[in-house]
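In the two assemblies presented below, subunit A is common to both, partnered first by subunit B and then by subunit C.
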Partner chain A sequence: MRKLLVIFSVFLYVFKGYPQDIDKSLKYEMKILERLVIDITGKKYPKVFFDGVGENKIRMIIRFTTIKMVNNISKADFVFIKNKTRKYNAIKPTIALDFASVKNCDFCIGVFSWRNGRPILILFKENLQKFDIVLPKEYKYYIESKKYIVGKK
Partner chain B sequence: MNLHSKKRKFIYLFSLLIVSFFIYAYMYTLVPVLENKLERRIIDISTKDIINTITKTVRKNMTEGDFLLSVLYNPDYRKKLKDDLSIFLSKRLKNIFLIYKDNDNRYRYLIDTKTSEDPVNLLFIPLSEERSILEKLFVEKKTQFEIHKEVSTIGITYYVPILQNGNIKSVLIADFSFETLQEIKSLISLVQKGILASSGVILVILIIAVYYFYRNVILKQRAYIDSLTGIYNRNYLEDIRDVIDLNRYVVIMLDIDFFKNINDTYGHQVGDEILKGIANLLKENLREDDIIIRYGGEEFLILLKKSRNDPEGKWSLQVAQKLLHKIREYKYRGINLTASVGLNLDTHKARNLIDAIKKADITLYKAKRHGRDRIEIYKEIKDSSKDISLAELKDIIESNQIVCFYQPVINIKDKSVLYYESLARIKYKDKYLSPVNYLDLIKGTFLYFKFTKLIIQYNLEILKKFPNITVSLNMSPSDFLNDDIIGMLKSVGKNIVQRLKLEILETEDVHNYNTLKSNINKLKEFGYDIVLDDFGAGYVDFYYLTEIDARYIKVDGSVIKKIPYNQQYYKLTKHLVRFCKDIDKIPIAEFIENEEIHRILIELGVEYGQGYYFSKPLSIDQITNRFPS
Partner chain C sequence: MKKSILLLLIITAFIISNKVDAKEDISVLLRKYEEEADLSKKTKEESLGHVIIFTRKDLEMMQAYTLSDILRLIPLNNLLPNSFGVETLLNPGRPPTVPFVYRLYIDDHEVSSIHTYSPFLIYDRYNLDNIDHIEIYFSAGAISVSNEPSQMIIKLYTKMPGRENASKVRITGGTKKSYTLSFFSANKINDYSCYLITFSKSSFKFPKPSINGHRINRNQTRKNLFLKYRYFDTFLEFSIQDVKRGGFMGRSVDYSPDFSSTYSLDTYVVITQNFGNDLKLVASYDYQKRKYKEQNSFSDGGIFVPSIYNFFNPPTFYFEDLNFHKLAVSLEKKLNTEKNNLLLGTFLRYYIQDIARKFYVDQTGGHDITDTAFRVKNFYIGSFYVEDSFNINEKNLLIAGIKYDKYKFYGQKSKNKINTRVGLISFLNHSLMIKTFLSHYYVLPSMIIVESSKDKKLNPMSSTVFTGEAKYNFGKNEVRFFYEYYRVKNLILFDRTSGGFINSSTHGNFHGYGFFFKRKIGNFTNVQFNYWITDVGKKKYTPERGGYVRWGGEFGRFNFYSEIVYRGSYKPYGLKVKESYNLKLAMGIDLPSDWHLKLTGENLLNRGEKEAYLNMLGERGTFSVYDRKIILTVEKVF
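Let's look at the complex of A and B:
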């Protein structure tokens, strides 16, 4: 009986705080990002370089999507940036994870953020063409000219 | 526990499970629906007022010009509207914004109260669950709301169409926080728990009710089923007697012939097997709608449902014939079986079920008397002057309105009177009715024995009044089994006993031969002369003949009246007379109706006889005047 109690306590300790079910919004975001990167790169396990993205966010993306993180931007298929500046100038299709980063990002093909509790994704027509990226027609709704976005938050 | 009861228990449990399952399934589908309805209702009640106020604020700000164009191209107007709407933002009401639909059917922001930026024309991307709601809103032009399931950033959202001249210019979107939704949900959860708890209580009560109902049904069934044959018993009859629609049934009484002999010869176990076999045979050959009841030992009552095509129930005669045929075919260990049937088609004329059964029962006894293995159909006596009811008969017996007529038994050579046969009559509607008109009505009841006792009493008085005559009393075998009657006969003085003869009728089956024999022989020892009546007409004559020490044997009238023109009956009478003399009994011929019969009987050596040739039954005064001693 005592053994059983010990085993049960250990079990409870090990699984304490284990995320049995991640937040619905986060799940929703991960689903969108995964789908977007796969559709853009055409790869099932795309390699992504994170520029200025918070550690928590990266951990979640790696854990709940098929996206693989690379530490060398030259090896990446894709880049996520956040926090206004893009440190590396390698020519890779990039998605900004905030509106502020879009303005000075020449390689940004779009922006993904949250507004009024809803995810917002806008893809830039000009930059998609620049990278010869052709997306399925479901993305039509999200494709806009970058001019509309610059200056807005 | 036998197999039958196990099966019944299984069926009961299975039914209970099925019922529980359906109740559970119903609750399982009902609770979420109720929950959903309740949730939406509570949300609507708790948020409607604020949404109405916000909507009024927008409408109050609307100018005469196009609302959409005003907002799109007039930053000051936009700012004023935004400031007015911002007032409503709170911890609960997280976002208030306006969107519009562009020419490419894409939704774009007009005003967003949440940020300091001006997001006009920024693409609004609805959640996938919102798309259909917005489409619906543009079709129905009515306010909608949604409880979000995809995200936890917002809980409830209202979508209010901003209409101008009947056209939707914009959509006001107001998001309540996820926490607000959680608060409402916890409130609903409380209600839900309440519903579930009360449902549980109702379910338990229902299960208990179902349990007791089935238990009651099973107990009732047990009480109604005859344990030997598996068909209904008389308890069931009690239950249906007041509710059954007699017009829809024909009553059949079926009795296995000579069943006592089977029990006596082969044992009760065989008797029981035969009863089971006959019950099965009846079940197999009748329909589910017909009611089969074990009415007595070997007597079955069948309530045969009339078909629409045969409202008179004539078809039941064929059914009864078929049953008799099947019973004849049914041979348990080679034992030949027959049955008698009394059929009452006129159930609509009966006062109630018991009355209808009684009539079928009377008819069954008629079938027994007429030779068994046959069907008799009940007929209403058309002569209303003879159609006496049981109630009337009871009154007559209880008020002692009984008389006896007397027919002399005569020495057919010298015409001297041997004794007078006493024949009971009741006076009804100015007529004297003989027992044939009413005896079956009271047979087996206390009235019958009362009737017998009154007859005995009547004759004892006659014997006292007329000291020179001898009379005989007609007694049925059951009279000899009645202690009161035996006691009464034994209390008669010896001088009267010598002038009183007891005639044993063979009118019914006897089940207790030993007592019958013992009681008759005791009366014989007491001094009574015993006369065997109706010899040659029945089936148990030889038992009486050998076991009962009778002095006289009456050769049945059905034999005597045929002797002038039927050689077989002539010879039968001849041998019967010789046989009687051989065993030292005195034969008496009944039904001497004419000179011819009288002559032949003298030729055959018969000494005594009675019949209309000598005298019909007359009152005591008439008969003593006609035959002075």
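Let's look at the complex of A and C:
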């Protein structure tokens, strides 16, 4: 019985650390990124390559999601890009984390960023098809033609 | 036994773990993210006082385009035009004059008038296109602020460019020929710099009551430009705006000038530097210009200008052109330990007044009093303050602060004052929170009040204030009770006999009670109810009670909002003013390609606020403050 209580206490301690440590909004941001990658790749522990994404954000993603970081794009299942001011060739399913990057990325499958004061997720129909990605029905409100975003930002 | 403990472990893990195991719809996650990422959650300062927040979502849903759309909802206060036609917050019962107990901030900069301390002359209809959210603090005697002690602090936080990445054009037109043209743009340039710019032009029309055979007007036209630029941890803000408005009753003896107008211009530049380690420096320069012109015939009693008014030969034309400068610097340092959050701060403010021209005409001719009129040429205040928030335990927080002020009005000796405040925030359980503050502080008279005083000298009003609130959450509901008690010594009042302000020997006692109920129906959908009452009695100049019912929500591409603002009946000057119910309905639709169409109806019952007057000739009456009108807005985001 005493052992169980010890295990129970350790258990509580370990889990307690996670959600309380971070800002709730950050927690939801991590959840969204994780959900996106899992649903797009179909893998529970997807390997992701980060290009141009800030170190802090990468650290958060690695710490609070099941995403694994890889340093070589060829080993990645998925790519996140940010701050791309020149043409970017997406050879793997790629999501941009800002509007400037998506403008320079013809084959990005979408963008997740803030616009007009609210978080925006847009996935591009044409590029999802290019990578043979079929998403659950819940994403249907977020799938648009790329024409929607090109020329705006 | 073991099985049941194992089951307990699994259930506990499930509950306390926030990993993505419980699959939530992506749209639910996005909504929760937006809700939790609301900037007010980061800027709110519980230790400052009792706070009411209007989030970005609230402002959008309410179609609140100007500050007065928000001010009218503030409990335990009235919003009415004062004698100069400026929509002004007033304590219940107080006559519609120029208050000096409210402070308005835009980000880290206090923008209240240098001359009067009232922010409303410029900001009553301030365009909110650059504002993310608004925090209203019932913060009597708050210590941790870089301004003269006050009763209420209104904080406007500008939008974060990194969350905008867009430009917006807004055109608003109303049935009474009011309009606004507004442009807004904010973008992140790179990871360490961003900008925000907004400019607008508006015209607002109001009812023109007829007093003593003349129609008086307070219509206003305003322009504003606001710029914000961030470079690493340095923020630079620049603002310029001007307002031209009808002078309304002005200073005319019969409250009905033949002509009156006010021109006000405010501009400022502020630099905020965050040094890391919770050290912040704010430095600013403000320039404010006021031009006032009024004409009233001798037969109507002329114009009442303190110190030059003569019953037998009153001024019939009055003109003043005043310039004000304010230099302010503040430094704050936070020291956080496990048990204590200690705030150390200091600020220095220096005000200068130049009279460009002061002139009047009476029966004997024109008189230029630019050099002879008494004015407070300068004023300074320096302050040191310390506030500690001590975590007694996980559920109880004790706040204690002390502030030492040294100030000097031109022509007077410098004086020292000490302000103190203690507070307790206690979570009795998960549902019930209690927050109380006891403050002792001094409210300084403004420059204009000193200039208009009988002896050109006034003592500050000494205030002792107790405020308390109890907040109870159950399910999706939140109930809040609020209580405030003010005891004010040396009340500064206008003395009709001497024709100037004096320190009254009477003490003021004031009790206020508020009840709030909020029910969250869904994400960004809720209903709210408020009722407040005070003990000032009905025979005062403004209502003693009020409240509101508000409801709003988002439904796909549509959003709806409705509010009824209530103010109780009152009996000023022996008149009976009926209770008012100002109904607003708003509807918005998001169209393809980021077009947005919005429709608002204001004062739809035509039973909005009424105000009473009694002029110096003994004539009295009431008038409606707002018209019934329909407003159409088109927005394009690109």
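Note that in this section the second predicted complex is superposed on the first by the 122 of 153 C-alpha atoms of A that agree within 3 Å, B and C clash if a C-alpha of one lies under 4 Å from a C-alpha of the other, contacts with A are read in each partner's own complex, and residues count from 1 in each chain.
Methods note: a contact is a pair of C-beta atoms (placed from the backbone, for glycine too) under 8 Å apart; a residue touches a chain by one contact, two chains touch by 3 or more.
Owing to the predicted nature of the structure, the values given are computational and were not obtained by experimental measurement.
Student: Which partner does A:Lys103 contact after superposing on A: first (subunit B), second (subunit C), both, neither?
Tutor: neither
Student: Looking at subunit A, does subunit C or subunit B touch more of its residues?
Tutor: Between subunit B and subunit C, C touches the greater number of residues in subunit A.
Student: Touch check for A:Arg35: first (subunit B), second (subunit C), both, or neither?
Tutor: second
Student: Of the partners subunit B and subunit C, which touch A:Arg59 in the superposed model: first, second, both, neither?
Tutor: neither
Student: Give one of first, second, both or neither to describe whether A:Ile122 is in contact with subunit B, with subunit C, with both, or with none.
Tutor: After superposition on chain A, A:Ile122 lies in contact with subunit B alone.
Student: Going by the contact rule set out at the top, does A:Tyr141 touch subunit B (first), subunit C (second), both, or neither?
Tutor: Both: A:Tyr141 reaches subunit B and subunit C.
Student: Figure out whether A:Lys75 sits in contact with subunit B (first) or subunit C (second), or with both, or with neither.
Tutor: Neither partner.
Student: Quick check on my understanding: which residues of subunit A belong to both its subunit B contact set and its subunit C contact set?
Tutor: 23-25, 28, 114-119, 121, 141-142, 152-153
Student: Where on subunit B is subunit A touching in the complex?
Tutor: For this pair, the touching residues of subunit B are 94-95, 97, 106, 112, 114-115, 117, 119, 121-127, 130, 149-154, 173, 175.
Student: So in the complex, the part of subunit C that touches subunit A is made up of which residues?
Tutor: 2, 5, 8-9, 12-13, 16-20, 24-27, 29-30, 32-34, 36-38, 41, 56, 132, 159, 162-166, 168, 188, 190-191, 594, 637-638
Student: Any idea which subunit A residues touch subunit C in the complex?
Tutor: Its residues touching subunit C are 4, 7-8, 11-12, 15-16, 18-19, 23-25, 27-29, 31-32, 34-36, 38-39, 54, 65-66, 83, 98-99, 113-119, 121, 138-139, 141-142, 152-153.
Student: What part of subunit A is in contact with subunit B in the complex they form?
Tutor: Those residues of subunit A that touch subunit B are 23-25, 28, 114-122, 141-142, 144, 148-149, 152-153.
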